[in-house]
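Each chain gets a letter, A, B, C and D, in the order it is written, and its residues are counted from 1.
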Amino acid sequence: MRRYFGRKILIYGLTFILAATIDWMIPRFMPGDPIANVMARIGAVVNPAAAQAMRDYYTHIFGLDLPMWQQYVNFWNSLLHGDLGISIYLFPTPVTTVLMRAVPYDLFLLIPSILLSWYAGNKFGAFAARSKWLDNTVSPIGYILTATPYMWLGILLAWLFGIVLGWFPIAGAYGFNLRPHLSWTFIWDVLHHWFLPFMSLFLVGFGGQAIGMRNMIIYELEADYSHYLEALGAPRRLVRKYAFRNAMLPQITGLALSLGVVVAGALVTEVVFSYPGIGYLLLAAIQNQDYFLIQGCFLFIIIGVLVANFIIDVTYVIIDPRTRRGMTGETA
Amino acid sequence: MKRVLSTTVALLVVLTMVLTACGPTPTPEKITVRETVTVKETVTVKETVTVKETVTVKETVQVPVVVTAVPEKPTEVVYPRNETIYVSGAAWGPASTWNPFQPGSLANTTGTIGFVYEFLFAFDPQTGKVTPWLAESGKWTNATTYDVILRKGLTWSDGKPLTAADVKFTFELSQKNAALWFSPLWTYLTGVTAADETHLTFTFKDPLYQEWDNYLYNLPIVPKHLWESKTAEETNSGANEKPVGSGAYLYDTRGEDRNVWVRNENWWGIAVFGKPAPKRIVDIRFSSNNVALGAVIKGDIDLSNNFLPGVATLAKAGYVKTYFADAPFMLSANTAVLFLNTTKKPMDDAKFRRALAFAIDVPSIVNIAYAQLVKAASPTGLLPSLSRFDDAAVLAKLGYSFDTAKAKQMLAAAGYKDTNGDKFVEAPDGSAFALEVTCPFGWSDWMAAIDIIASSAQAAGINIKAVTPDYGAWNTALQGGTFDMTLNNWASMSNTPWTLYNLLFRHPIQEQMQSGNFGRYNNKAVFDLVDALAKVPTTDEAGMKAACAKIQEAMLTDMPMIPLWYNGLWAQFSESAWTNWPTEKSTSPTLPTTWSGYWQLGGLMTLINLKPVQ
Amino acid sequence: MSLQVENLTVYYQTLRGDVKALESATFSIQGGEIMGLAGESGCGKTTLGHSLIRLTPPMRFVQGRVQIDGEELPIWDMERMNSFRFKKISIIPQYAMNAMNPTRKVGKMIEELLGSRNVNFKDNLPELKRRLDLVKLQDDVLDMYPIEMSGGMKQRMVMVISTLMNPSLLIADEITSALDVSSQKAVAEMLVEFRDKECCNSAMVISHDISILYQIADSIMIMYAGQLMEKAPTDVIVHCPRHPYTKMLISSLPTVGVRYAEARLAGIPGKPPLLLDPPAGCRFRERCPVAFGKCCEVPPFMEIQSGHFVACWKEFETNAHA
Amino acid sequence: MTKQKKKNEFLYFALRNKKLRVALSVVLFFLVLAFVGPVLAHNAPFAYVNPMGAEPPSAKYWFGTTFFGQDVFAQFVHGLRATFLVGALAGGLGTLIGILVGFTAGYRGGIVDEILNVLTNIVLVIPTLAVLLIIAAYLQVRSIPMECIFIGFTAWPWAARAIRAQTFSLRAREFVDLARLSGMKDRKLILTEIAPNMLSYLVMTFILQFGGAILNAATLDFIGLGPTNAVSLGLMMQYSVLWGALQLGSWWWFIPPGLAIMAIVGALYVMNVGLDEVFNPKLREM
């Protein structure tokens, strides 16, 4: 067991280092002069001497005047100190500060939508697999949902509930007339703004999970051990219980796999609803060629997905004895 | 069940995080980015003379951290509608700095300049007059001396008096600090003396009168007692949270998508100009203009300065009000110019450039790309507010307008013929060419515009195709001069035509052209004409006109760039909460805008004139 | 009289129509009897076995009565059958290898299974351990996951589980086919031992390996194309079979011990009929050397000597003359 | 049963599987539309044909016109082409790489598996957008084939993981063990024992990759990182939103592209299940 986790941690560590390195390389690969960009943003001075002074000044601030290897060393050094540099786009705000402002909104959007869609989806899928007619009536909904592009669902919801019916706001995280404070007015307003983006994330995820679970359950109910239980007169309850439990396992891995998609989904959803999360930040950073902000966002996502993957791996192993052996390459 | 529980827990935890979250997240704003750059230029199209001393940058640079901007003792947390005005269209990213010397970034805290920090003078584009603000008066006592008398009883928001010493200090900040945008001033400003609390004397050597006025209403005056202790770095790039200024509004708070300003009840100007109507200004940054459009329709926004496609329909339907009741609905804010890279063939040929000018279907751009929200530009490129400087004779002789037939014939005359039968003309030397007209990807109105430019040029037999790189790539190509032809509109409202021509004919040519003459048009004669104009006293309008006529003649003969249309001063407002907006019918209309750098161009007066709905 | 089957008919539903897999089977198994059930693959022996305990779609109950210890067995009713399953009638499935829930420790699974049948696990634990001992499994297998057991272990484990409630009839379906020869013998012998120790009253051992049946079965019943051909005490079947099919079957086994499956009735021309619509009458007649007109009617499964049943008109004739 | 018989069996059930029939006809419908559509649409997708600007569907403009007066139907059918192209190319590429990596990892296990697993993990966590950003930065003009390659190269970990798992389970099955015990050569083992059992799985993997690729492309296009020189359903959605189609109520602009994607991808998923039932007798409807 310890050996297994040791290896796991090693794998993820390695993954992180490589991913981070690639992350570091990204901006350096990009054509286009970041300093010219930041100067254009901050307000360029036109006479050569002053311009040069400014160039040197900002090049230095961003540490781009160092040899590559040293930039790389610094990158790791500051990374370990939680310092991701200064945002160009939001000069002179540190990237970490910018990220920390966005993170809460992401967690607020992602955690509930992922967990709930996973939970509800699985329940629903298992429910659908119960009888033929349920299956034929319920499953199609799942397929339609999971096949819907995030942003399109977002657009539809925004259009229908935001514009046609006018029930929900379709932009921002809280009303224009409010300043963040602890009161039911504010909390209600936040939830009000949160609902539609959450729904579009939730629904798509829900569909996917439901379908996945439905198919899994069908498999499991047809598995030999299910038949054996039935042959020994075990009530449907027990058979289903086992089938559900075993169908869960692939669903857990499925969850890990879906994370990447959900993040992408969150990005577009946040774009549609201009909800101020990381995905949104990332898009802004990309469009503004803000190297350090881009790096920050990627690192954040990488770490997030890695951690999530690891947690899921652990859960999986705890629940399923088979993986342990499969992983260590042993065969029964 | 376990999961559901954890979920709810997570919800609550995160909710609290959100509540305490210090705020904003940047957003991409494609169309307003351009507006921003415009804004930037309004404050940075400043001089071109070279400084004597170059600054040296300290080895270790401390960059201040933006602290959470929620004040210690929050004021109201739910803003009453009837004393709050909601505006949008200026910011393109969350607030990151309140340093009045970082004009570009200030677009995100529009108001830092104009609300918090003020200027000696203001400028009203509607009348073309430079009017006193902090200054009571100012005049050239002789060719090289300019006297300023400050008003009495000016105060900073921290209660300290604003005196001539502060003004002197501000101007002298850039004397030894080349990284400040206004350092070039010191190439002809020789000294500032403060006779007493209110009397200032500026002495010059060979002054650029035209530019001096720009400084008068664009250089924000900062308090000496707070800034003299700042290091060069802090002055140049410090974030300067909780700014202390002299203006009509105080910085209140900010959110990821907004800045909030609260009225300065002790503002010295209340006695002079009157009290701004809204107690609180909530400046919303919309992720994209269509979101703003929705807010405007719902009446959530009182004044939107976003570019809203289809607003013409809405205005006609009465959803929103615009400056003009009918096309073009908007005042003109700046000129969209097609820069031709004169270092490349065949753009190096004036005949070709002129033919191209006739080939471009500007009417379609106005009607299709903008649905009539803009109007075609005068060939001189000057805004309507400066139309008095258009030289009728020159226009009659050299003006151009969309005329495919004429374009074809001009090309033929210049030796551009289709020799290889590909429907496109080849250069006189027989070489075929394929050109690209570019604008940043996502700037949809411009994308539509360059599509039209390309197709109409093709109709005239010129092989041009529209290409839309990402902003960064576009910007690099623009400043590095690697493009074929591209759109730009970085010159805007000014008291003098010199501002535009200074941009179009920026010189000397450098390997990075950061704010003008992107086509690298190199013509000493024209440069001299522009420099000559710069030295004409702003009082001498006849002299200015004469100088402009020469420039316009040279420009239209050589056609190094092609002015196409005026981008609008996008402004749509609702009268649900506030009335008395400036329109064409107003007796003395000011500018209905919140763009950064426009407060002193009438924006603030607009707020002062507003009336709340009872 | 442990099991009594009368005129049992079970079809398979397919999109192409009913596959007549089991046609009016009538036979019985005495208490304490181990009956081997043999026949080519697809002859319906598995259908027979399964229909007795778990008759699920695509299987379709057509007609017939089944009694176990004189009690009516409602095999057409999945729900009502539950009370009989495991306790009265139980099965060691062909797929014993995957018969146990891979994600449950065996002991836990048994506990939950018993629990679901309102049987107290604790009370039965000693007996369970005793039987594990019987099949030479350590007690700690209860703390193992199936994947941690070898094929043979799983096989024996399932054997123990299936018989835990001392069913009146145990159906053992191809229990040896997946095993290597040595453990085959072992498992087979254990089966007998189980019967002797009265872990189960009687057993029906389905296999196409006559050599195995020869070792353990008291009687053997031969099926062909969904019909019962012959049933008799093992020695009789092997040494003096009466039904022409059985005769060929036995003679086609070069030496006892050769896997039946491999010896595809080399001697007999033709193939078994498709059961979608089999010929009327005796389904063997097309391949039968002695077939005659009468064979177009279905022959009854008649007891020509005590404990020796045959379904063949020819046989009846010769008997009559004799 | 002999192989030949099996094939017919599949065909037989395939033709009788409702899910499969419906799904297939939906996909075919759009496929045909993608091919003949551009012929029916008498306008170029970006041509400014309607001086009136945005107008609802009419006899002249079947799907109405955009804010600029472009023919939505023309854009739609051309977008469909792009969509299928992306699905086929990107999906195919993703599946191929996925098979190579996943199968090797699953079959070899041990260290090979470890290495490939790390690789898979890395590609899985690297935000898709990172790679796209590089491409976007390098290519000032992005093309659809480029997009395909990019998507293919980032989507394979899914297939790889799935196939790896499947191979594992197969490898652990008794019949494979038996075969191995009986000293069968790896190649023969893979071809005779594993490949046949995997085939159906691979087909379905491809279908899923196909659908996934379409969704990915739409997402990228929507956030403005798609092709800069082509029309696609994702771009249509981006423009419709950018130009206030929601606020101005031009539903005909943003409904069709999303609806088409939903229908196609949904149909693909259903088709997947249909095939599953065909390949896997246990699941066949009786």
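In this section, a residue touches a chain if its C-beta (ideal position, glycine included) is under 8 Å from a C-beta of that chain, and two chains touch if they have at least 3 such contacts.
The structure displayed is predicted, hence computed values, not measured ones.
For the interfaces B-D and A-D, the C-beta contact count is higher for A-D. Legend note: the chain whose CA centroid lies nearest the centroid of all displayed protein CA atoms is A.
With chains reduced to the mean position of their C-alpha atoms, the one farthest from chain B is C. Chain D has its Cα centroid 46 Å from the Cα centroid of chain B.
Mean C-alpha positions place chain B and chain C at a centre distance of 91 Å.
Centre-to-centre separation between chain C and chain D, using Cα means, comes to 49 Å. A separation of 21 Å divides the Cα centre of chain A from that of chain D. Residue positions of chain A touching 2 or more other chains: 30-32, 162-163, 271, 283, 286-287, 332. Touching of two or more other chains is recorded for no residue of chain C.
Listed for chain D are residues 136-137, 224, 241, 246-247, each touching two or more other chains. The residues of chain A lying in touch with chain D in their complex are 7, 11-12, 14-15, 18-19, 22-23, 26, 29-32, 140, 143-144, 146-153, 155-156, 158-159, 162-163, 211, 215, 218-219, 222, 250, 253, 257, 260, 263-265, 267-268, 271-272, 282-283, 286-287, 294, 297-298, 301-302, 305-306, 309, 326, 329, 331-332. Residues of chain B touching chain D in their complex: 30, 288-290, 293-294, 297, 308-310, 313, 364, 367-369, 371, 441-442, 444, 448, 451-452, 467-470, 472-473.
Touching chain A in their complex are the following residues of chain C: 53-54, 56, 78, 81-87, 90-91, 93, 95, 98-104, 112-113, 116-117, 145, 147-150, 158, 161-162.
Chain A meets chain C in the complex at residues 223-225, 227-235, 237-238, 242, 245-246, 249, 319-322, 325, 332.
If you check the complex, the residues on chain B that touch chain A are 3-4, 6-7, 10-11, 14-15, 17-28, 30, 37, 40, 43-44, 46-51, 54-55, 57, 61, 63-66, 70, 74, 76-79, 81, 84, 86, 93-94, 96-97, 102-105, 178-181, 183-184, 236-239, 253, 255-258, 260, 282, 284, 286-288, 291, 294-295, 298, 300, 442, 470-473, 475-476, 479, 506, 510, 512, 514-516.
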